[in-house]
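When the chains are written out, they are named A, B, C, D, E, F and G in that same order, and each has its own residue count from 1.
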Amino acid sequence: MELLLILLIGILYASGIYLLLRRSMVKVLLGIMLMSNGANILIFLLGRITKGKPPVIDEASKIFTDIYADPIPQALILTAIVIGFGLQSFAIVLLKRVYSIINSDDLDDLNTPEEEDI
Amino acid sequence: MSLSLYFNYVILPLLAISITLIFYRLFKGPRVVDRVIALDLLITTGVSIITVYSISMKQSTFLDVAMILALIAFLGTIAFSYYLEKKGND
Amino acid sequence: MVKQFLMNLLLAFIWVALTGVLYFSNFYFGFLLGFFILWLMNRDGEDHRYFNRVPRIISFVLYFVYEMIKANIEVAYGVLSPKFHMQPAIVKYPLHASSDFEVNMLATIISLTPGSLIMDISEDKKVLYIHVMHLKNNDRELFIQKIERVYERRLLEIIR
Amino acid sequence: MLIAVLAGLIISILFIPLGKYFKGRLSVTIALLPIGLFLYFLSFVPQIADGKTFSFHYDWIPSLGVNFDFYLDGLALLFVMLITGIGSLVFLYASPYLKGHKYLDRFYGYLSLFMASMVGLVLSDNVLLLFIFWELTSISSFFLIGFNNEQADSRKSAMIALGITGGGGFLLMAGLVLMGYLSGTYSIQAMLTSAAMLKGHALYGLILFFVFAGAFTKSAQFPFHFWLPGAMKAPTPVSAYLHSATMVKAGVYILARLFPVLGGTDYWTYPLVIVGGFTMLYAAFHSIFRTDLKGVLAYSTIAALGILVFLIGIGTKESLLAASAFVLVHALYKAALFLMTGVIDHETGTRDITRLAGLRKVMMPLAIAGLLAALSSAGLPSTFGFIGKDLIYEATLHTQGIWSMVLTALALITNVLLLYAGFLAGIKPFSGKLPEEYSHVHLPHWLMWAPPLLLGILGLVFGCFPFLIDNSLVNPAARAIANARIDASLKLWHGFNIILLLSGITLFLGTLLYLFRKPTAKGMAELARFDRFSPQTIFAKSALWTQQVATWYSNIMLNGYLRVYLRRIIVFAVLLLGYKLIVGGHIYIDWSKVSSVDIYDVVVLGILIGAIVLTVVTPSRLTAIVAMSVVGYCICLFFVFYSAPDLAITQFTIDTLTVVLFVLVLFRLPPFLNLANKRAKTIDGIVAGSFGIVISLIALQVLNGPVNHEVSEFYGDNAYKLAKGKNVVNVILVDFRGIDTMFEIVVLGIAAIGVYSLLKLRLKPSEKE
Amino acid sequence: MKSTILKTASSYLLPILLLFSVFILLRGHYYPGGGFVGGLVAAIAFVLHSFTHGTENTLKLLRTHPGSLIPVGLGLSTLSMLAPLFSDLPVMTGLWFEEPVPVIGMIGSALFFDLGVYFLVVGIVLTILFTISVYSE
Amino acid sequence: MIDNTIIYPVVAQLVTAIILLFFWGKSYPQRFISILGSLVVLLMSITLFSKVWSGNILIMESANWKPPFGIVFVADVFSSTMVLITSIVAFAVSIYSSVGIGNARQRFGYFPLFHFLMMGLNGAFLTGDIFNLYVFFEVIIISSFVLMTLGGRKTQLEGAVKYMAMNILASTIFLTGIGILYGITGTLNMADLAVKVPLVENRNIIDITAIFFLVGFGIKSAVFPLYYWLPSSYHTPPSAVAAVFGGLLTKVGVYAILRIFTLIFVPNEFMKIVLTVLSVMTIISGGFGALIKRDVRRIFSYLIVCHIGFMIGGIALFTPIALSGVLFYLIHDILVKTNIFLISGLIRNMKGNLNTLKAGGLYARYPKISLVMALVFFSLVGVPPLSGFWPKIYLFEAGFTTHNYFFIAALIIGSFLTLYIMARLWSDVFWKNPSEGDDSLIDHFKDYSRWKQALLVIPICLLAIATLYVGLAAENIVVVVKHIAAEMIDTSPYIDAVLGNK
Amino acid sequence: MIDILIAVLSTIGALSILIAAIGIVRMPDFYLRLSVTVKAATLGSGLLLLSAAIYFPEVAVSTKAFAILFFLVLTAPVAAHMIGRCAYLIKTNLWEGTVRDELKGMYDEKSQKLRSGEEEDQEGSNH
């Protein structure tokens, strides 16, 4: 399974970067999202994966009686997801604002000739 | 054959085939509404997969995830309808 | 008032079910929580009497499940048969139900029944537009009758 | 001593900003400062003459080895007397010269700053302290050259001067730090013990390069000389003081000062002799083509500086003695000429030699001053200049073999030309017939004519009575430079010898030249034809070229296209990572660490990849979002499969909300346009793909390594016992690593504020920024 | 959107979702869930309401601008982070009541922290979404 | 030593920001609270610094968990110095902002955002946990995004889009690095990492991980070829915002590089070569860019890049002397860069324009303020004995020690370009007469009340005095930076303090 | 015994979902796809959830399963209705085999208000 996830990580990063290199701001945003997903899975995988053993202690016991998945990467990813959500929602709104000014989501239309903005 | 194995080797593969088919529709479209219902169905099937998985793994904890999915999945569909209705077409 | 009370009670029950802790205190807490949420909503209450409905509800549910399985088999047949022999149609169904709640319940039930799907309710809430998979012989009257007989009348009995 | 140095700084700090409250009332009083300092340092003369030296130490930055270490020896004393002495005269002179000027007090502020820095420079024993004052002189010079800053060419000259001297400054700094690093001290006196080591060190050449660069730029040696004529834009007292008598000699000073440490080798001698020699010839030649009085003086100053560098380069006792004496000689006559020029300019409004004549009739004292200075510059017997010239010839003649001929010839030619230039400046304006237009001209305030006259007279006095200064100033200075005993007694009369002959030839040829060659604008225009080969042009061109290269480069780098920037960043990362991966080699799969695969894993993965592909290729924005949410939901399933329910929930909820957000935002947007051509897509595909491969390979390598779960086991063991929770992830989030969560929600809060403000805030046009 | 069905559905889904969100919030320490997800679910409840009833009506229902929940939630979390300072403990140290409380279980600063997160998330999501939808209209 | 004092500069900023949020929309009380809050933080930072300076490294184990299990905050001399400088800058900028930032922006959250940003910076300096560092970085970038777009003019948005895209990329790369590091070592505590990373057998993977951090922090600190966002964006926000950005944001990247590359990854030969090349190119790129620009803030933006190169070069040399130089430069640069952007705002107020070709005559009009500005400019150039001069001694010396002549050449070129550019700027903006009849040249400053004028000028003077102190009392700074450099070379006191092996 | 019950229920459930999946691929138009999927999938999920409710002995878990079922039943029809309505509004084509479309022309183009077709009579009678 690890190998498949490695493949997936590579694809997520690659496609994220590919979209990041587009002119459309929406695509850039999607690229960012794909990449952050890639990073999350990378953290998840590199913390080593465990199937079907969530890090939740049983109702009855006070400590783990079985093996359990590493909770730290999960906590890190959670934090990263939440932060990513904050950034992405702001970015999406920025997109809207940009659109309402230049009437397009082509980033090249946003470039201002330097003389204009001095 | 234990129930756990049955779930793992029969039910889950069945559901896996289902989501593959559903995804085929999502991939193919042709219209966005088709994709949206495929997505909706994908999530419903996802709820099922999680349910089955929790039986197969004997971990009821996963049902919590299924619960959240069941509760808020349709918001996405509503949002897409909202979009399409406002926009008029795709 | 009654409806609010019932809604509140329902919420308290859901709470108990969710937490899975069958204590009176838990119920009480759920009730308070529900009250708070309803207070938040502050909707105008409509009077409804909820007495002796339980047996009817149960029989209706059972009947509905039966209908659902039956229809599901039909759908399965429709999906799996190599040739399409559906006769889909959008049919206008004149409503007897009047309140939002009634209409909604009816719509949900019709939607859950395989082979039929609510497209929309008219602005004046007089008709439902229903998409049917098999409008047998293109006979809309028969379909309308069936809906009325099987679902609407029973439902209204329970609710009203 | 510290007070002596800092007094000027303090005065300047008070004067520059607060000047307007003084309103010029104190301008003469302020001259008490240099006069006081002059007298203070005068008191050291007898002791220094006896061979004593004085050290002063005050802590400043001991940890860095930079302290107020002052060292007063003959060399320092010579310079400090010049600085304070001429400074006194200039301070007095400037008072009437700039009378009523709006920024007179500011002017005095800069001047005090300069004087203090110059005093500090020559007194510093610590090379870095020296450098500090060195740079301060450049800065004060910048402000003084640009004093009339409404004029574009004033500003430009100030810029050029600062550019050249500042640039050289940084090189000098590198050199001084290198010396300090190699010898382990920044004290020049302490460095003397390491002199042999430094001269033998592999980096000796580099040190010399740096030091010479600093000295040549400061002392206006070819090819850096051209800032000096430009600096004549400064008010004339400034030219007299900074750009002739003192500051420009800082370069010479540092060469002299470092001579015992670095000097005396071939690497030292050849560059200095060649550059100095060429500079003196070049500048002397150029001086005779000028028609602007200050231009003439500027070039002759450069020539004099060339002579000094030349002499220090030769590095014999004779030459060092000559240099010591010539510093004084030149300062006296050149300052006099400048001050005199200032008066002429001030009174007649012109400095054009071709128009000036007969002024002796209206300002006799000035004419005397001019004459004395010119004669001294010509080296007429009984002037101090004569002694200077003698010493120079003596120095050149005392070199070995063929060199002696060549160098002497060079000196001769230079002297002839300089003589001409001196006459031109000192005699020409006063001789001949007074033009009508200047008949109303009269003698200015006595503070303006007395200083040049005094300087001229001093030249005569020192020339007639050289014993006044030989043992008191010149010998100690030469001694300090050579770090050896020198006891030459300066004499006006050496008897008939070859030196006298040379002096005579110089005088004869120079006078001849003066009599037969008249300065004309035409001559200058002729010379201007060669401007395109001049260092100034070359520097200007290379500056322009640099500017063009910078423009070209910056426009390529910052072309405004985000995707280009991102692509470069990625390529950079891929190159570094890829290089390391390839170098590291040995990529393998450790099957023992790979877990089994279930069919649903594969299916979900397949769908995930399909959804990614759809996101990338779809032309419909909405489809892209649908596909994106499939990506999210599939990842959510993975999280469920691999034991992360909390993650699954969060991922799912957030994905759904993101869809809502997108949908709310997007419905007004036009469809995707196919904006990229195939080539761009291919390149981007390769870049992105290689990054993906790199990441995958890295992940594989990490997985092959061992794993450490010490921390997570601690969490698992203590989640319930100590933190009273059973969902370890949540316990981590609110307890073990609660700080993360705290600030993570701050991020969210900020994002919300941002969204609100971004959409709600509308600036009025009146909001300025 | 003018769908009657959705309108009706959302008015009974709103209380259910809200209830559910509190449920998720309170049990987070023991099961999957917690303040963050709870807050998201609560926010989704209101978002759904606003889809059908319009943002203005939802705002009326809330009685106050959701943005004001941001400082409240942030403040609550910050206070529970800082509370240990008063007993000379490092920040964020869990402080617990001795006895468990029925229904909720152990009550400690972590719960208040999560509660702060809950309010904050509701405030944030609603601020973002309502600002956008008002802007879009 | 366990001490809650460490967290006060972070918490106090947070609390200030939250209180400010309760005063949403009311600009008058916000100004007051902001200045007061900044003052309180400044006092706390001074306390923290003096505690650390007089004693040991302080740590605070958040949630009372021993490292490496909990997130630990560590105040060594380095971090407490950074916090102190940041607090000085924050105090000055918050005074300046009360007038320098328009009412509209103040009502829409400028002050809370500003304090959140400062909180993030202080947190980033103090945290001893690498993932927590990431979180604080995110706090920093999100608040900077918002501050950058606040007002939403087109140029602002243009800058913000580029700024965001590249910074988010940086964060992702940084996060990837953290993930890899966790995968290798299983820990996130920086001291623990410092112990565990050297024990890892596969050195190659450690080098690779280091590259992730290099690229991530390199983008943040605007190193060639990762610097594009900076010149594209820093001229767009209001000057007070640009001041904080210019002074602190790139420096926190440098801080992170210094921290990570001294504590966890010690640069090997390969890394040193890479860093040298980057530094040389950074200096050239920044210097060239500044040379061709005619807008004051664009010039300053490029100069930031140029001078980042000095610091990166110092890190490449990696000797105690070099690190002392870098640290000294860092302290100097924060104060000066902040101030020059504040100055640019003042110039804009005075001239209504920041184009050097149009503006002019400031010296004649406001001689005293101009001279304060000149002092700052000369400090920037490194005119001795002002603050920018001293670190160069160290850098030169370290360059010679390590025979890194490329860096020395770049240092000279960079210094020279800076000198030339600032002199030209002075000549254009201060000396030259302004072009006549240009409508864009309006003096708003003179219309302000005395009180408002003072609020704009005082912070500039305050920072100028701080700069002057750094220059003239360099001994004190030298002692501090030498101490820090020693801590960087020998990290065992840090590790022992955190992990408690005494 | 219980195991067999669970196996049967879950098999039917999974097959229902499979049918829904086949349906969504095979059905010729959007409305039919929608029609097929919602019910079959809801039924299938419902049966699987029932299995889970039986499988896990704890009351809390079983109620959870029922709660999920309840939510699905509550939301799925609404979602289906919304997307179906929206598809019609944006003029998604009906299959050519469709025998009757009484909704045609009933939406007001601008306001998207849906007429019942009966108000004319009323209004007519009022006149």
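One rule holds in what follows: a contact is a pair of C-beta atoms (placed from the backbone, for glycine too) under 8 Å apart; a residue touches a chain by one contact, two chains touch by 3 or more.
Model, not experiment: these values are computed from the prediction.
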Neighbouring chains common to chain B and chain F, by label: A, D, E
Pair exhibiting more inter-chain C-beta contacts, D-E or E-G: D-E
Centroid-based (C-alpha) most distant chain relative to chain D: C
Most centrally placed chain - per-chain CA mean versus overall CA mean: F
Rounded Å distance, chain C centre to chain E centre (Cα mean): 30
Length of the line joining the C-alpha centres of chain A and chain B, rounded to whole Å: 21
Approximate Å spacing (C-alpha centroids) for the pair chain A, chain E: 24
Approximate Å spacing (C-alpha centroids) for the pair chain B, chain G: 14
Sequence positions of chain C contacting 2 or more other chains: 14, 18-19, 21, 107, 118, 120-121, 123, 125
Multi-partner residues of chain B (each touching 2 or more other chains): 15, 17, 19-20, 36, 53, 61-62, 64-65, 68, 71-73, 75, 78-82, 84-85, 90
In chain D, residues with contacts to at least two other chains: 560, 562, 566, 641, 645-646, 648-650, 653-654, 656-657, 660-661, 664-668, 695, 699, 702-703, 707, 709, 711-712, 715, 726-727, 729, 733, 735, 737-741, 744-756, 758-760
Interchain pairs in contact, sorted by label: A-B, A-D, A-E, A-F, B-D, B-E, B-G, C-E, C-G, D-E, D-F, E-F, E-G
Of all residues in chain D, those that touch chain A in their complex: 560-563, 566-567, 570, 589, 593-597, 601-602, 605, 608-609, 612-613, 615-616, 621, 624-625, 628, 631-632, 635, 638-639, 641-647, 650-651, 654, 657-658, 661-662, 665-666, 668-670, 672-673, 675-676, 684-685, 687-689, 691-693, 695-696, 699-700, 702-703, 707, 709, 711-712, 715-717, 719-721, 726-729, 732-733, 737, 740-741, 744-745, 747-748, 750-752, 754-755, 758-759
Contact footprint of chain D on chain E as seen in their complex: 28-37, 40-41, 43-44, 47, 67, 70, 73-74, 77-78, 81, 91-92, 94, 96, 106, 108, 110, 113-114, 116-117, 120-121, 123-125, 127-129, 131-133, 135-136
In the complex with chain E, residue positions of chain D that touch it: 645-646, 648-650, 653-654, 656-657, 660-661, 664-665, 667-668, 723-727, 729-731, 733-735, 738-739, 741-742, 745-746, 748-749, 751-753, 755-756, 759-760
Residues of chain D touching chain B in the complex: 598-600, 603-604, 606-607, 610-611, 614, 620, 622-623, 626-627, 629-630, 633, 636-637, 640-641, 645, 648-649, 652-653, 656, 659-660, 663-664, 666-667
List of chain C residues in touch with chain E within their complex: 7, 11, 14-15, 18-19, 21, 23, 25-26, 29-30, 33-34, 37-38, 40-43, 100-101, 103-104, 107, 118, 120-121, 123, 125
